[in-house]
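Each chain carries a letter (A, B, C and D) given by its place in the written order, and its residues are counted from 1.
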Amino acid sequence: MDAIFLQVLNGLDKGGAYALIALGLTLTFGTLGIVNFAHGALFMLGAFCAVLFNKIITFSVKVKDESITFFDAYKEQPYLEIWWGDIGSTIIDYSIPLSLLFTIPVMLLIGVIMERGLIKHFYKRPHADQILVTFGLAIVIQELIRTFFGANPIPSSAPAIVSGSAAIGAWFGLNDSLVYPWWRLIYLVFSIIVIFAVFVFLKFTTFGMVVRAGMADRETVGLLGINVQKRFTIVFGLATVVAGLAGAMYAPILPPNYHMGMDFLVLSFVVVVVGGMGSLGGAVFAGFMLGMLQSFASMNEVKAIIPGIDQVIIYLVAVIILLIRPRGLMGREGVMDD
Amino acid sequence: MSYILEIKGVNKTFGGLHALADVNLQIEEGETHAIIGPNGAGKSTLLNCCIGRLIPDSGSVTFNGKNMIGMEAHDINHAGMVRVFQTPEIFPDLSILDNVMIPALAKRDGTFTFNPFKKMADQHDIHDEAMSILRDFSLDDFADHIASSMSRGNKRRLELAMGLIQHPSLLLLDEPTAGMARHDTNNTIELLKEMKRQHGTTKVIIEHDMHVVFSLADRISVLARGHIIATGTPDDIRNDPKVKEAYLGESEDE
Amino acid sequence: MKISIKSNLIIMLIFITIVLSAPIWGKVIGAAYPDLLQKFAIFALFAIGFNILFGLTGYLSFGHATFLGVGSYTAVWMFKLFSMNVLPAIILGTLMSGVFAYIIGYLSLRRSGIYFSILTLAFAQMAYSLAYSVLTPITNGETGLQLSQQDPRYLDALFGVAVSDGLPSTNFFGLSMSGYSGFYFCAVILIIGFYVSLKIFRSPYGLKLTAIKSNQKRMKYTGFNTRPYLLSAFMISGMYAGLAGSLMAVTDPLAGAERMQWTASGEVVLMTILGGAGTLIGPILGAVIIKYFENIFSALNTAELHSIFSFMPKFMENIFVFITNPFVGDGWHLMLGVLFMLVVIFLPGGVLEGLGKVTNLFKRILGFKSTKQGASKGESS
Amino acid sequence: MDKKNNISNLTRRGFLKASAATGVALSAPLFFMQGAYAEGKKFRNDPGSAKTVKLGFNVPQTGAYADEGADELRAFKLAVKHLNEGGGMLDTMKPSSLKGNGILGKKVEYVTGDTQTKSDAARGSAKRMIEKDGVVMISGGSSSGVAIAVQGLCQEMGVIFMAGLTHSNDTTGKDKRRYGFRHFFNAKMTGSALGPVLKDEMGTDRKAYHLTSDYTWGWTQEESIKETTEALGWKTVKTVKTPVGAGDFSQYITPILNSGADVLILNHYGKDMINSLTQSVQFGLRDKKVNGKKFEIIVPLFSRLMAQGAGDNIKGILGTTNWNWALEDDGSKAFVKAFGKEYGNPPSQAAHTCYVQTLLYANACEMAGTFYPPEVIKALEGFKFDGMGNGPTEYRAEDHQCLKDVLVVRGKEKPKSQFDLLEIVKQVPRAEVEYKADIFKGDLGPYEVKS
C-alpha cells in the first residue's frame, strides 16, 4: 500500500513535468501549426536559466586558495555574501525559486526571437521541413550550452529548508516513516498551478479565446481580420516560457546538463501524440497518465512478470493508443490528417 | 428497367444535422443526370456516399448490380465509377503528363502492381493515350509543366482529363465548370457532349451553373435540405413550382 | 515522367567511375583511407534506401536505424554460427530486416504524417531499449555482439576452413573484407543498390510512389490501393538499411545497440535532406558530407587550423582560427547543426539544389541559357 | 618531417587549399601507403626511419563523458610534452628508460579522435588513426563498452591499445586481448578494497539494495560487490537494473524505502550516478534509520568530476578511486604540479591513468628497442614499476591488468577548495585486492597479427 502510494506520487511528479513540456508543444502545434523539435532544448534552456541566475548572483571575487600548494588555485567568494552577509547567503540559498523571475523574461525573449527570426518563415512550409529546421536548431542550442557550461551536469540545490523530505505518511494517516522530497511535492503543485494558469488564460481572456478559435480553425481566425501574426508570437513566447519554467524548477531534481533536452524531446512528443496533436487537455492527461504508467512499470513486482517493461512501457502504450485511436486520446479530426 | 446506379433510402447525419434524408435516385445507363440544389443541400455528401468517402448511416448504393457501401475507394474506381473533384485534386508536384498517365496506369495495372524494374519510358501505350487526351483538352503544350504551376481553369480541365482517361462507365462530376471563364465553360460543355457521342458515358453532374445544367442534362434531380424534391426532364424541372420555391426562386433573388 | 535526358547507361557509367575512383579523389579531401571510404559506401546505401521511402512517398520514418541494427546483428550471428564468408551474412541480414520492416511497416503505415513518424520512432526506441537490456543474450548489450574464438561456425567447420590463431576475419570466398578490398566490396554493392534505386525511380512503380507523396487521397480515388505500395516501399527501404547494416558488420564484425538509437535514425534523415530528398544522388552526397564531418572535422585541432590558414597574414590567420575553432574538433556537432539549418532554410532541395543553382549561375554568366531545375524539384511534403 | 609518411596528413590539412590538392589527385592511389614496411619484421604503421612517431588519443569529446574526455586529452598532451622535453613523472618513474627525447629518438606527435561514447564511432575514429594517420598506439576511452570495442579492433589491426578509464572486469577478463593493456583498476578490485572498510564502518549485519546500470559494466560491478559484501555476512535484499540515462530515478528509489534494506549500493557512473545519488539523498535515504542502524549509501566507483556534479550529496559517501590528486608521493606531486601549472586545475583520475599509460607505452618501446608490437608487448608484460602515483605496480602478464594499491575514499565533509572533494580513507595494499587471473574466462590471443 505504501509502495503504491509512493509510486502514485512519483507518477504524478513525472507526469507534471511531462505535461508541462507537452503543453507548450501542443500549444505551438495547435495554434501555429508548427512541429517544434527544439522544444526539448527550450526546457533545457530553462534549466540553464536557473544555473545562469545562480552564477550571476554568486558572481565572485577570486581569493587565492592557500590550501593548494602544488600550483596557483583560487577560491571564490560571492560578492553578494561580501556585501550583504547573511542576507546575501539567503538569497543565494533561494536562487532556484528566485530564478523563475529571471527565467520568465529571458525565455520570453528567446521565444520571441525564435518565432520572429526563424519559426515564422516556416508556417507555410511542410511539417517535415519544420521538424528538420527545429531539430537543427536544437543541436545548435545544445552545443552552444555545452561550449559555455561544459558537458558535466551542474548541481543545483533547492533552498535548504525544502531540500529534505516531508513526512507525507503522517499527513495521510499512513505509515509515519513514509517520506517524500519536499521539492518534488513543490514541483507537482507548481506544475498544476502553471497548467491551471494556462487554462484560465486561454479560457477567460479574449486573447485566449482567439487562440482557442485558432486551434479549432486556423484559417477562419486569419480571415476575421485579427492580427494573427502578433498573437502567434505571443503564443510561441508563452509556450517557451512554460517549457522554461518547467526546466528551471526541474534543476534541483535533475542536475542540468546540455543533453537533457534531447532526453525529454522524444518523450514529450510521444506525450503530445498520445494526447492528440493540438489538444491541450489531451497533453495534460497523457502526461500524467504516461508518468504514472512509467512509475508503475518500474515496480519490481511488475518487472518480475514482464522483464524490461519499464524501458518500453511508454512507447508500447503510444503504439497501442495510436493504433486504436488514430488521433490520440483527445485529438480532433482534421489535425495533421494529411 | 435496370439502372446503372441505384441509390435507395440513403440517410446520413453529421452530429444533429440531417445531411441526407431517405434519398432515392436511379441513374439510367447512358444518361446525363444533373443534381442541383442550393448550397448545403447535401449534393457533395451524396457523391461522397457513392464513392466510398463517406459511409451512409442507412440505405444502399448499388452500382451495376453490386453493393458499393463499405467498399474501398480504389475498388469502387475499378468497378467503373469515377469521380471528378470540385476543387481540383490533382498531383501538384508532378507534370501534367504524369497526372494523366497515373489514372491510365490505374486502369491498366489494377489496384496494385509491383513492377519496379519496368521502365516508365517504355510505357508507350500509356504515354500515347495520355497525350491524346491532353490534345483533346488542349493541354498537350503543357505536358511537361508542373501541375501546381497551372492556372485554375487548366487545373479543372486536367481534372476532367484524369477522370475521362479511365473510360468509366459512370462519371461523377462535382461542379466541373466552377471557376472557369465563359468560353472555357462552353468548351467543356462541348467536350462532355462529344464524350457522350463517342463513348456513351453515363454521367452524374452536380452543378450550379444552370446554363451548363440545361445544355447537358437529360434528366435533373433537385436536392433540398437532404431531400430529393423533384426528378424529371429539364422542362419538367423548369416548370415545377416546388423547385421554383426551393431553388430557382432563391437564386433569382440573389 | 522525365527525370533527365541522360540514359541509365550513362548515369551508371559516371556513377561507377566516381565510386570506384574514390580512393583517388578521396585523397584530395583527405578521406582516402579504407574505413572512411567503407563508411561512405555503406551510409550512402542506407540513405539511398531511406530516400526510396521518404523521397518518393514522403513518409518520414524516424526509426530506420532499427533495420540497420537488425542487419548488423543478423550478420554477426551468421559469422558466429555459420561461416566467415560474407555471403550468407548479407543475404540473411537483408532478409531479416525485410521481415522486421514488414511487421513495423504493417502497423505504422496505418497512420500517416507525424503519427507515422512517432509510431516508427516508438518501435525503434523499443527495439533499442530491448537490445540494450533484456535481449542481451542475443545482442550482448552495451559492449556489442562480437566474434569469439569459441564460436561454432558450422559451415566453415564442415568445409574444413583452417582455424586461425587469433579471431578469424571476414572474407568473400577468400578475399579479405578489411582495408581496400572491403571498400571495393561495399562499393560494388552500392553500385548495385544505386542501380536498383535508379530503376525504381524510373519505373511506373516509382511514379506511383511519387504520386502518393503528391496526393495520396487522389491516388485512392484513382483506383490505387496505396497500402501495399507504401508497405513495399517501406520494406525495400528497410532492406536497404539491413543490407547497409550487414555491410557494417562485414567490414567490422561488431554490432552495438547504439546503432539503433533514435539519433542514428535521425542521422539518416539528416543525410537525405542535406543532400536532397527525392533526388537520386542527393542522399549519397548527404551521407558523404556527414560522414566526412564526423571523421575529419572532429579530428581537427587548433594546431591544424593554424596550418590550414598559414597562407594568410598572421593576424588574419589568428582571426580565422578563432572563428573556425568552435566548429571543429569537439564542436563538429555545432557545425553540423548550423549547416543543417542553413540547408533547410535556404535550400529545401538540399545541397544538390544548391549545386544546381551554382551551375545555373555559371551558365548564365558564361552566356548559356539557364536550364529548368528538373532533377532537384523533389522537395519534401 | 618525412614527406613520404605524411602525405595523407598534409593533404588533409590542405583540404581547403583546392589548388594544391589537384596535383595529388593525379597521383596513383597508394593502396599500401600505410605499410611502409621495414625490412625483417613487418608490422603496421612502422615509423621506419621517420623522425617522428605518432600516437592516437581516442577520447569522448561529445556526449555525456565529454568533460572527462577533455581532461584525458589534456593529460595526453602533457604526456607528449614530457616525452619530448622531459619533466613530470619522467623524473619519478623507476625503472625508466625514458630520456625525454621522444620515443627511441623519434619526436612524438599525436592525433585525436572523438569516441562520442559509442562503440561504432570509437572504432571509426580508431580506424582513421590507424589507417590514415598511421599511429603506433591508441589510448583513451571513458567507458568500458568503448574500451572493449576498440581493444578488439586494435588486436585485429595489430596496434597496441593502452586503455584509459575502463572499470569493467571484462576489459582484462573475458574480453582481454594481447594488444590491450589496462592501468586502471576494475570492479573486482573495488569489491576487495571496499570489503574491509565496509566491515569496519558498517559491521557485518547489513542488508544491501543494489541499483545497477543495465549494461555490462554495471553487472560486473554488481556481481563483484555482491560477492564481497555477502562474504562479510551482508544480505542482498534486491538488485534492480535501471535503464542507462534514466534521468529520473524516483520510481526505482521509492521501493527501497520500505524494503528493509539499510544500505544502498549505486552501481552507476557519470550522469546516472549524479542523478541517482542526488535523488536518493532528496528522498531522505541518508536521514533514515532502518533496523536501528543509520542508512548508508555506497558508490563503489567514484571520480572527482562526478563528485563535482553531485555537489553536497557526495559528502560522506564511500567509494573507491584509482588515484587522487591529493596523494603525497613524489610521482603524484610531480604530475599534479605539471598539470596544474599547464591548465590551472588538478588532474582527474581519468587524466592520471591516461598520462601514465602513455608513459608506460613509451617506456616499453625504449626497453624493447623497437616499435614492433610483439616485442613492446613482451616488455610490458610483467613489467614492475614505481613512482607513478600508485606505489609499486605490476602489469600482470596473464591478463594485462595492472596490480596496485586501491584507494578507498569518502566525499569530504568540509572541502577546503573546489577541487578538494575526496578524502582518502584507506590505501588498500595490492595484496588485498589481487586475484587470480584465471577466475575470468577469455583468451589474450596471439602476439603476431597478420596485417
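Here is the rule we use: contacts are C-beta pairs under 8 Å (C-beta built on N, C-alpha and C of every residue); 3 or more make two chains touch, one makes a residue touch a chain.
This is a predicted model, so every value here is computed, not measured.
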**OP:** Would you kindly say which chain has the C-alpha centre located farthest from the C-alpha centre of chain A?
**Re:** B
Subject >> Pair sharing more residue contacts (C-beta pairs) when B-C is set against A-D >> reply: A-D
Original post:
Just how far, in Å, is the C-alpha centre of chain B from the one of chain A?
Top reply: 51
**OP:** Find the geometric centre of each of chain B and chain D from their Cα atoms only, then give the gap between the two centres in Å, rounded to an integer.
**Re:** 74
Original post:
When the centre of a chain is set as the mean of its C-alpha atoms, what distance in Å lies between chain B and chain C?
Top reply: 45
Subject >> For chain A paired with chain D, centre-to-centre distance based on mean C-alpha positions, whole Å >> reply: 36
Original post:
In chain D, which residues are in touch with two or more of the other chains?
Top reply: 62, 66, 70, 214, 243
Original post:
Which parts of chain A, given as residue numbers and ranges, touch two or more other chains?
Top reply: 311
**OP:** Any chance you could list the residues of chain C touching two or more other chains?
**Re:** 129, 132-133, 333, 381
**OP:** Go through the chains and record each pair that touches.
**Re:** A-C, A-D, B-C, C-D
Original post:
Which of the residues in chain C come into contact with chain A in the complex?
Top reply: 58, 60, 107, 110-115, 117-119, 121-123, 125-126, 129-130, 132-134, 262-263, 266, 269-270, 273, 326, 331, 333-334, 336-338, 340-341, 344-345, 348, 379-381
Original post:
Within the complex, which stretch of chain D touches chain C?
Top reply: 8, 11-18, 21-22, 24-25, 27-29, 31, 34, 61-62, 66, 69-70, 111-114, 118-121, 123-125, 127-128, 131-132, 144-145, 148-149, 152-153, 155-156, 170, 175, 214-217, 241, 243-244, 443, 445-446, 448-449
Subject >> For the chain A and chain D complex, residues of the former touching the latter >> reply: 2-3, 6-7, 9-11, 13-14, 17, 65, 67-68, 70-73, 75-76, 146, 150-155, 157, 163-165, 175, 177-181, 183-184, 252-255, 257, 259-260, 263-264, 294-295, 298-300, 303, 310-311
Original post:
What does chain B use to touch chain C in their complex?
Top reply: 51, 53, 72-74, 77-78, 82-83, 85, 89-95, 97-98, 101-103, 105-107, 109-121, 123, 126, 144, 146, 162, 166
Subject >> Complex contacts: residues of chain C adjacent to chain D >> reply: 23-25, 27-30, 32-36, 39, 129, 132-133, 140-144, 146, 149, 165-167, 169, 178-180, 248, 252, 254, 256, 258-259, 294-296, 298-299, 301, 304, 307-308, 311, 329-330, 332-333
